[in-house]
Each structure stands twice: as C-alpha cells, then as structure tokens.
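Next up: the structures, one after another.
What follows is chain A paired twice: with chain B in the first complex and chain C in the second.
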Partner chain A sequence: MVSQNQISKLKRVSEVLISIFSRPSGMIGFSIVILHIIIAIISPLIVPYDYKEFNSLIMLRPPSEEFIFGTDQLGRDVFTRTLMGGRVALLVTFFGTLIAVAWGGFVGIFCGLVGGRIDDIVMRVIDAFLAIPWILAMLLIVVILGTSTQVLIPALGFFYGKGIVRVARAATHDVIARDFIMAAKARGHSNFSIIWNELLPNVRDAIMVEGAMRWSWMLLAFSSLSFLGFGVSPPTPDWGLMISEGRGLMSFAYWSVIAPIVALSSLIIGINLSADAFAKALGIDRTQKAPV
Partner chain B sequence: MSDKIQTIENLSIGFKSQNGREVFILKDISTQINKGETVGIVGESGSGKSTLALAMMGYTKQGLYTISGQCLFKSKNLLNMTDRDLEKIRGKEIAMIPQNAGQSLTPNLKIGYQIEETLKLHSTINTKDRQLKITELLHKVRLPSPNIMAQRYPHELSGGQQQRVAIAMALAGSPKLLLLDEPTTGLDVTTQAHVLELLNEIAKDTDTSMVYVSHDLGAIAQVSDRVIVMYAGEIVLDGNVREVLSSPLHPYAYGLLNSIPKLSLPGLPEAMPGTPPGLEQNIKGCSFFERCEFATDKCKNSKPELFIPKNKKMKVRCFWHSKLSEKKYKPNYDTHSANKTKKLDEVLKLDKVSITYSKQSILDQLLNRFSEKNITVKDIEIEINKGETIALVGESGSGKSTILKSIAGLLNTKNGAINFKKNITLSSDVRNRTNSQLRAIQLIFQNPDESLNPSHTVEEILSQPLKLYFQLSGDKLKENIIDLLKKVRLTENYLYRFPRQLSGGEKQRIAVARAFAAKPDIILCDEVTSALDVSVQAAVLKLLQDLKNDMGTTYIFVSHDLAVVRAISDKVAVLYQGRLCEFGPSSEVYKFPSHPYTEVLLGAVLEPDPDLKPVLTAEDRVEESPPEIGCSFQSRCPRVLGKKCFTETPPWQISKNGNAIRCHIKIENLFKQQTSEN
Partner chain C sequence: MFLLILKRLGLGFITIFLVSVIIFTGVEVLPGDACTAYLEREAKGELLEICREQLGLNTPAIERYLSWSYNALYGDLGYSLSGEKPINEIISVRVRNSLILAVTAILIGIPLAIILGIVTALWRDKFPDIFISTFAIFSMTIPEFISATILILVVAIWLNWLPGIVIVSSNSTVLELLPNIILPVIAISMVMTAHMLRMVRSNIIQVMSSDYVQMAKLKGVPYWKMVFIHVLPNGLLPAINIIALTIAWLLGGVVVTEVVFNYPGLGRLVIESISDRDLPVVQALALILALIYVGVNLIADLLTLVVNPRLRTLQIRK
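Take a look at the complex of A and B:
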C-alpha cells in the first residue's frame, strides 16, 4: 500500500515532471530522447532491410524511394543502419552513466561528509586521474581487455564518475554546513544514516542533473571510440562507426554520413535540453533561486 | 502641518499569481512623510513594510508592479519615472541604509574610496575638497580616527563600524529623505544602542527626514517621532510614537506590544493567537478579523477605514478602538514560578571547561602541553539543577554558542570536564557517548529553516529520534509522533507536510517536538526565538515553559536578547569574551546587575517606550581576542580600578543576593557606585 508519506513525495515528483514538460526545452528534449529510446528498442522489428547484408550491385546509391537515406559503400541500407545505430551506444552509455552516478555520488558524498585526511587522499587520486586524457586511457583499456560491452560500460562509468565525485562533494559541502546535519550528529546517528537520510535527499537533485549531462558527454565519447575503431566492431551498426566508414566518401556520397550525424547530434541535443529543463524544474539552475 | 517631503497616495503593489489573479502586497496605502520627521514603520514579516520603504525610493522588487496609486516626491511620481531620472534622485535626495552593511560594501575597495565614489556621483565637490568631506563624514558618524578608517577595507571593521560607514555613505549626498531598512537588526545590543543614538543625533543636526523600518518596537521607540503599524499590507495604526506605544488603539498593535518581553517585568508575555492571513486569501472585511478578540460580523463583512477617532491623535483602522482605549494597555504576564524551596538534583556541571578553535602546534601536541593562547572559552564553571532554566547571555563572540556545542559534544573541550548527573563524565566527542547519554541532551537551533531537513516530511523528521533511541516502528511510532504534535499544539494534519509548507512558528514547533521526542533531561536552546516574529516568539516561549512544567526538563538557553532571557530563565550566566562575568538567579542579576559588564549590557537594552533611553556607559568596540592576563572586560570597563585589572584575574565574589561576580572591585563598592550615579 502507498503510505501518506509516499503520496506527499509523489506530489513533489509530479510537480517536477509538470514543471519539466511545461518548459519548451523540457518538452522538446524529452520527446527527442524518448523517441530515440523507442526506436532503439523496436528498430529490429521495423527496419526494411537486413543491416549486415552486403550487395555490391547497389553500392553508394543516393537517397531514393527504395532506399530513403541511400546506401553505403557496401550496399547496405543507411536508413536501416541509422535506426539501429543507436542501440549499442544507448545501452552502453545508459548503464555507464548509472555506474558513474552510483560510484561518483557515493564517493563524493562520503568524502564531503568525513573530510580530513581521507578526503584529501581520495580527492588527490581523483585529481591525478583527471589529469590523464580519457581517450588515451580508454584506448589502453580497450586494447588490453577488448571492446565488449562488459568492458566498455564499467570503463566509461569509471572515467565519467570522477567529475560526479567533485559535484557530489561540493553539493555535500553546501548541505553539511546546515544545522540539520549538526542536529543529526548531535543525536548520534551513524555516518551511513546521515548519508542516507539527511544528505542523499538533498544532494540527489544535483547529482541527477550532473549525471544527465554526463550521459550526453559519454555518448559523444562512445561514438568517438567507435569512430576510432575501438568501440563497436563491424558489422554491428553504430553511428560513430558509420561516420568513420563514410568519412572518406563524404565529398560525393554525403548521404552515408548525414543520417548518423543527425541522429547522434539530435540525441545529444535532446539529452542536454532535458538535463537543462530538469535542472530548472528542480531549482538548481544558477539563474534561479533554489527552493527551500 | 509642516512641509511634506513625500506623499503616498492610495498605493497598491502586488503581483499576478499563477492563476492570473492580482495579489496585493500593499493595499491602498496613503500617508506622508514630513520634513525633519522620523517615521517608524513596524510590522511582522510579510506585512509589506520593506516593500513600502522600497517604493518610497521608486523601486519595486522584481516580479512586483504598481497596481494603483502613486508615490510623490517633490510632486513627481517616483513609480513611473525612468531609471535615468531615478538615478538623479536616489543617493542624492533619497538615500537608503541597508540591513546588512557588511554585505552592501564592496569588499575589495577601501572605505574612503567607496565614499568618494558616492560623492563623485551625487555632489559637485572638487577632488581636493573631497578628501576633507570624507573625513568630515566619517567624523560625523563618530568613527575614531577618520583618516585611518578611510584607508581600511570593509572586513577590517566591526559590524557596528560597517553600519556607520553605510550611514556615512548615505549622508554623502545630503539627502532629504533617509530610508533605513532594519539597520540595526544584526548588531549586538550595545552596538545597536550606539547606532540608534547616532541616528537620533543626525536627525536632529541635519533636519533629514527618516523612515525607519523595523520589526523591533524597542528600536522604533528610540528613534521615531511617528510610528506606522502595518498588518497584511495595510496601515492599521498611524500616530505619535508616545501615544501609540502607551495606548495602542488597534487590537493588533495592542497584541504586538503585549507579546514583547520586557526587562522591567519578569515572566512570559502574552502570545497573540493565530497567524496573519495568506497573500492569496480574499479578505472582504478587516484583515485582522480572524485573530481579533473584539471581532463581530461587521468586521467580517466590511472593511474599516483609516480614520482619526475623536479626541485622539492617531489614525486607526478599527471599529472597536474605543473598547481598547477603555481597556487601557496593561501588560498581563503570567509569572513562572522558580521553585526555590525544593532541594534540586544537579543534572549538569561544567567543571573548568576551556575550549579553543585554534589548532595546537605539533610541539605542544607532542609534549601534551596546553597552550594558553587563543582560548575561546576559559574556565567555565556552572552547575545546573534539574528543572531549571539557565540562560547564557553575552554579545557575539562571548562564546555562548561555543559552550552549548561542547555540551552537545560537537566541539572538543581542551580542558575541564562536563559532568552529567554527578557521577557520569560526558565525553567531549559525541561519537563516544552512549545511547542514553545522547538521548539525555537534545538541541534546538536558531533557525528552523536550517535545522529541519527540507526533503523530509514532518513525520520523517519526528520519527528520526524515536527510531534511533526507542527503536519504535509501525503504529507505535505513528502514535508517538501524533502525540508529540499534540504536545506542541499542532494537529495530525501536519504529518505529511514538508518544512517549506509551514510558517516560521510552526517549523520551530516541529523542531521543539523533535527535541522532546527523545524524552531528554536537558535541552540546549540556541537562540531559538531570534529568527521568529515577536508574536510567534511569545507563543514559542510559552510552549517551552509549558513543556518544562509538564516534563521537568532542564533548559540551557542561549540568547542575545536580554528581555527574552529575563522572561524565561531562572538563572543567568553573563559571558564576555568566553569568560564568565556574573552568575546568579535571574531576578537578582536583573535587579542588581553588579558586574560592570552586566550593567553595560542591561543599560543598552531597548524597551518599547520612548522615555526609557538606553544608558551607554562603555565604548562600543569589538575586541578580536580576549586579553591574555587580567580581567576579560578590562579594555571596555567604565569602572577600571587600576593596574590590578590588567594583570590579575579577578576573584569570585558572592553578593548577599546570591549572584556571583568576577571583579576586583568589592561588590559593596560596586553597588555604592551604581546607586550614587542614579
């Protein structure tokens, strides 16, 4: 049964949702993202052709009624591959983001709460990692461990969690100076209880918004990896890979790259718009006053 | 009547609510400010007093707009002027002194430069004479050595000095009208009294009109000639300050005056019932209808006009003012009984407690040496008996909150011991205390906005201590929570609300309920009423007193407000710079303030009576750190004996009335000196 308490909380969630969808950025952004997710899920059922079928007779055909986005250098239908090209990227980055938010959020809150020497050490390690160019580190990991999703998800999750550590720690510092944390300490609650009951509900918003922003960056990173040939292996369709393959032929067969570029950028713009509206709805936008 | 500086006609200011309705912040305000007159505007938070003050300089806060009416300055309406035109008036003709001068001064520019900027904009003085003018202005606001002051940065000044600089800046353009928005609210009592005295002198010398906005009737009484009482965006009373404060004709003003604790009268003031109407509430009749004891159907259905009753010198918005003038303002206090006869058990004893914020050097740590430098709080010895209310008073920096935190175990003590119920020594670190020790001591904080987790409902907030200390769950937990709500005079309806859906007083009640949930022996109250409006403050004090009588709890009450302390406490400890100056039963301390510092402190308290002027004996100065040797009050003491005061720590003396003081002067001699001066 839903308790009264949960109803009060759900009301707050519904308020946030209404606020998101009443903003143009939220409405457009969320529609784009949801559309992408739906397409990613149902695309195997609706695509007109097989994504990996080569046909040397129909190489690099321009868009026509038969192939609305044309065909690529191996004679595969660009429309089919574009629809399916987001599947791996969305899967990897979605779970990657969850991992990033989870570990980054926890470490950040913990460091912010305990402070002192532990905080110093952890933050310096994070700083050291931040100094390593992510792409080099990713390439190293991928070369050693392979390009399977089991490797990519935790690797991306790890690299994108570092930034969240900083945000979560800063948000915690904001909250920790307030009297209700002191009240909880004076009552004698454990650190875990303070994190879970007092801190998390108040830094959650900031972490979620940061996570949403990270998602779009991670998507770009994943596509870059594919573009460099270290992400998804052919013949699996992927936007980054498609752009990479069509790049050389761009001057006369522009159609083979236009569709994946539009798809990728629309998803990233969609996520960014949603994150923006989300932040505003939660009141943690810099231009707005935070709700008390 | 003398010349009018500003006339406000039928002014209404408000905003459009989400459903498109007009919501009024100010309703049909008409008044005028005369030349050389100081007008006090008083009201509780949300009464529209600040909005009115801002409108007087042609400013409406973002989101608000003028619905009707005008604000005439030199027969021009400020509210429809362009920003360009307003620039010429603001600062030069109308100047504003903000509440927090520390924040309104630019931190990286020297004081002199900031005043010079104002002079450049608003006067025709040439560069050479400007320096002289700056010195003159700083001298006028009585800052010591103005030339040196001009070279200082804002952070190098104390709060009172910053406020003086803000006043100097406002005076730079020699304005006709000075608007002051709670200019002394953040200041210590002695500093506040000094700043008000300065304002009085400026008003007298320069013939400037002033509008003084404040929630503090004591401050209003000291500076104003006329007072306007506002309630729910309306003027309900407007008249001479003496008459308004001695026989208020509006029931709201009457209740407001009654709810202020006064130094001269012990016991709790009477609280006003109810809360002000919400902004969106559509009121047909009198806005005070719901809270008024005289209300009838007439009040409900028709709005009283602001008019001057016969033989009276004030405007009043009430049908039944005559009933009030018959009633005659007579404070009705229920005195609380200090149970003196019973032998009381000691619950807490601070035994030579010393606390420092500065870190010890590694050498000192290694040698386990206790460095005497920078000790914030030193050698505090207080015994607290069961069921007593002990108040710690002192100005900011006196270490009163520091002591409270160390009792709660949030701050490590450097020396000394905190003994609980005679035989238990409490660890100075909260993490080393047992569950029952934790339960025994609870805290209530100053600001309920800060002390209640904004993402928890009332139910969750109250369930925290119950779960932690009594492992309650399910129906039992809920029963207890509802019980607690009833104890603090709230209903079950509050269970699922978030703190932001509650008023300030309700929030503080929840905070009180949370502290009582633990069934504690001692409750530490850190300035619990200073964030609240006076009428709410009275209600919260009453609640605390009732709960104490029911449960026999002991309070340790920290406050800078000496009148509140007088109302609630049994014993008072006066602190200066982290050193105890005087300790004794509050009735005695207030009747015979023996220690020179207590005398200074009590002398500076403002009473809501224009004829009771504060007595300013000591210099208004802030010391950065306490002196290493001698008496802690040596540098500000008006009664310094001689060398002894600077070199020897004064001994404890106990007067025949039972209060202990720490002073080199013989207690009898102190009495003699005080009585001969009076």
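Take a look at the complex of A and C:
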C-alpha cells in the first residue's frame, strides 16, 4: 500500500526534478555530473590502453589516430589516463560529502536546538577550525596519517562538515520558534525525537544544497592536494597529478595537461551548476552565504 | 558600542587561542619530533638525547605549549630546524612578498568587483549580466592551479608576453619582485573578483526590490539619482564583510597559486616547511594565517559598526 504521505513526497521529488531540468544550467550541470559518474564507473572496461604501462619509445607523442589525446612524458596514453583520472577523486569526495553532511547536519541542528553553553562552546571550536586555512589543515592531516582513501575520506568529511554546522544551525534557528516545535517539547519528546521528526524535515533542503556545494569544494581541495604532490600517489591516474606532471613540459607538449584540465574543470563546473539549480528549485538563496 | 567592540575582540582572542591549541596538538601527534626530523637517520641513542635536551623536548607537552605560546605572545616564534635561523626572520620576508601580491590583487579586485557587480545587477538577465556572470562562475569554480596553469600556457608560452615562472630569491627587493607578480596577481584577483561581484550583485538586486526603492520609483526620482543616492549606499554595505571573508578564504588559494608560479611568499613556505617537516615553522605559519583570518574579519566587523549605526544597538550577528 502506498500511503497519502508517500504520494505527496513523491510528488514533491518529481516537482523538484522537473524544476531542475527545466533550467538550462541545471540540465547542463546534471548531464555533465552524470556523464562523469558513468565514465568513472565503466572506464576500466572501455579504455584502449593500460593506464600504468609506460613505453619510452612513444614519449610525448602529439594527438594522433593511435593516441587520441597524445602520450605523456612516460609514453602513457593520455586519453586512457584522463578517462580514469576522476575515479579516486569522485569516490573520495562523494563519500566525504556524505560524512560531512551527516555530522555537520546533526551537530548543527543539535546546537541550534539546545542552545546555551554547549552551543557556545561548539561554535567557538568551529570558528577556530574556520580560521585555519583548509590547505594547511589538509596538509597536516595527510602528512600525519598518509594519503590513502581511508584517511582522505574521513579527513575531508570532517574538515568540510564545519561549514555545514553553521548552515544547519542557522536553518534550525529559523524554525525553532514555531509552534510545532513547542508542541513537541510540551508533549515531552526527547531531543533526538524532535531532531529526527520535526527539525530534520524542515532543514533538510538547506543542508542538502550546502552539501552539494561542499562537494565541489572538496573536489577542489582533493585535486589541489594531488597537484601539490600530497594526494594520490603515482602511477594512479588522477587529474591533479596529471596536470602537475605535465606542467613542466607543457611548452612543447600541451596536450598532456589540456585533457585533465578540461575533465576536472567540467566536473567542478557541472557540480556547481547542479547545486545552483538544485538550490533554486528548492527555493533557497545561496548567494548571500559567505564562502567559508 | 564600547562593550560590543570589547566582546568582539574577546571572541577573536578565544579563536586565536583555540587555533594555537589545535595546531600544537596537530603537530604533537605527528610521528617523530623535531629531533628525529632534524637528525634523520642518525636519530638514535645519545645524539637524539642530546638534541632533545637542547630543544627542551623532554619536558611535558603542556609545559612546552605554555612556553611556546608565551614566547609567541611577545613575538618570538622560536628557531627553524633547517636553517637554524629565527623564524621571525624567515617569515617576515615571506610576509612582505605575499603582502605585495595580496595588496595588489585586492586593489585591483575590489573596485573591479564593485563596478561589475553594479553593472550585472542593473542589467540583470540582459547581455552584460549573462556574459559577466558566466565568466564569474567559471573563474570562481575552477581550481586555482588550473586557472594559473592556463594563464601560464596562454600568456607565457603561446603568446610569449610575460615570464611564466618567477625566478627570484625570497630576499630580493620590491623592485625586483614587481615585474614578476603580474601573472600571479591576475590569477588571484580573477577568483577574488568573481566571488565578490556575485555577492555585490545579489545585494543590489535585493535593495532594488525593497519597498523604499519602489517608493522612490513611484515618486518619480530619476533612475540614476535613485541608483546612486538610494540603492548603492545600502547595497554596498554588506560588501565589507563579504570582502573580508573572501580575503580570508583566499588564503588557501594563494598557497596553491604561489606554488604554481614559484613565487617566494608565505604560501610556498607552507609547502616547503611541511615537506621538510620543519615543525616550528609549520606552527608559526598556522598561527600567522589564523591571525590574518581573525584580524581581517575583526576589522570588517568594526568597519560595518562604524558605517552602519543601526547595528550598534543590536546583538552581534553570530
């Protein structure tokens, strides 16, 4: 049996989806992101060459029929490595975003609900973490714990959740004074029950939009780390790493940087366009929010 | 008003204190310490003991934190491991270099962002807005290392107009540095301008649709008079805080940009000291960057208080 409640939920989801896809920015953005995800999943099956096989006889060949995007300084096929270069990045940042949204959302709503001393202390700590530039914090974590995905996912998830705490807390403050929260409190519901049943449905939109934004920043942080040599280790194909490896030789072999640049930029722009369209479809104005 | 400023200052101090604790703990849990990093393979037995004795690493962590923060309060950040030079000396040159970069970028970026923001807001959804806004989305979303790499590829390699990579030592004079900062400044101010102009735009659009502006329109106030006298003062006020946040947020991006252009500023020192595991320098850098962040935000908050009397009686926004 499908209840009335579920029907109205489905209706809302389909309305939001239609609204997203009726905007050109949303249409383009979502298509790019979905295309990237599909490529990331199936690329090992469709790439023409082995991503780590190097051959000194075919170093730095310009694009040709044999190698569509040319070869890099070790004679590896740039096309193959570009197709596979987003796999680690997408995996790490996707799960990182989930963690960030989960803990940031929960802590933010909790602080907004209980207020008082606990709220003050948590917000001061969050402020302190905000004052540390992301690059320094991520570098320290990576140097301490290494660059494996098991480290990067929780590290990025933790570090990028702090902004979500603020958004969730502010969204909670907007609804906390409403009657139904008072009613729930008067009925003697526990804090957890109020968060789950009353607050979460009301602040979910804001948190989801913020999470989508964080995804693109996380991707930026992840690829910057790779670029600086603190991310995934060679020979794993990764766009940031490919750009930093090809950069020194780009005066005569520009093709080895152009392909990863286009791939990474299109993914980040795609996520941003989708997040913008998503926010507009849900009726949330994000442009006022500070970029922290 | 006085109380408000005092409270704001107090919050700033608490933040700095917490940052220093976080950073100290972070460095503390790094495997190995300053001595194992400095002595490398010879780090065993007697040598290690002597080194630890000299640097005072045998005392408990809390004691070391207290003496470190006490000295830092008086402006003494200790000695670096690699050069055995005072950190103040190393950092002050780098701060100067980064300041040259940042101040130039800000001087270009802020006026540009305000003008473009006004243009896009007044011609909302028309050609100038669509063109500028699309470009802004591109330049603010693309990672700094990509826009910097593209700049080098196009301007330095294909067009051959400017040198792509800065080749100066960190101690060179301002005049030697100046011709080298053009590309890094373009790269930084592009991102900064994009962020700020988007927010200026939405502020002005908001003010344009407010009741009192509608009233002015109905009263028949000439369009440009209305824009300059009624809309802009209120539309640009929130820009102060936004500019502060953007500057603070860019600290991370500047690190990457400096590395791409090989510019001898604070950012490259961050990477160098972390690669070398020069822990005292890492600690000092984190403290300085956090100070800049808190300081810029503090100045912005106080400025808005001065400019906007309405806020003086209100609680500080959290």
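Quick note on the criterion: the second predicted complex is superposed on the first by the 283 of 292 C-alpha atoms of A that agree within 3 Å, B and C clash if a C-alpha of one lies under 4 Å from a C-alpha of the other, contacts with A are read in each partner's own complex, and residues count from 1 in each chain.
Criterion: contacts are C-beta pairs under 8 Å (C-beta built on N, C-alpha and C of every residue); 3 or more make two chains touch, one makes a residue touch a chain.
Predicted model, so just to flag it, every value in this text is computed and none were measured.
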Partner chain(s) touched by A:N202 [first = chain B, second = chain C, both, neither]: first
Which of chain B and chain C A:I68 touches, first, second, both or neither: neither
Contacts of A:I7 with chain B and chain C, given as first, second, both or neither: first
First, second, both or neither for A:A183, with chain B first and chain C second: first
A:Y254 touches, of chain B and chain C: first, second, both or neither? second
Partner chain in contact with A:I42 - chain B first, chain C second, else both or neither: neither
Partner, of chain C and chain B, that touches more residues belonging to chain A: C
Chain A positions touched by chain B in one structure and by chain C in the second: 291-292
List of chain A residues in touch with chain B within their complex: 4-5, 7-9, 12, 178-180, 182-189, 197-198, 201-202, 291-292
Residue numbers on chain C that touch chain A, as the complex places them: 11, 14-16, 18-19, 22-23, 26-27, 29-31, 137-138, 141-146, 149-150, 152-153, 157, 195, 198-199, 201-203, 241-242, 245-246, 248-249, 251-252, 255-256, 259-260, 270-271, 274, 277, 282, 285-286, 289-290, 293-294, 318
Residues on chain B engaged by chain A in the complex (per definition of touch): 408-410, 430-431, 433, 435, 438, 441-443, 445-447, 449-457, 459-460, 464-465, 468, 495-500, 514, 518
Chain A to chain C touching residues, read off their complex: 123-125, 127-137, 139-141, 143-144, 216, 220, 223-224, 227-228, 230, 240, 243-244, 247, 250-251, 254, 257, 261, 264-265, 268-269, 272-273, 285, 287-288, 290-292
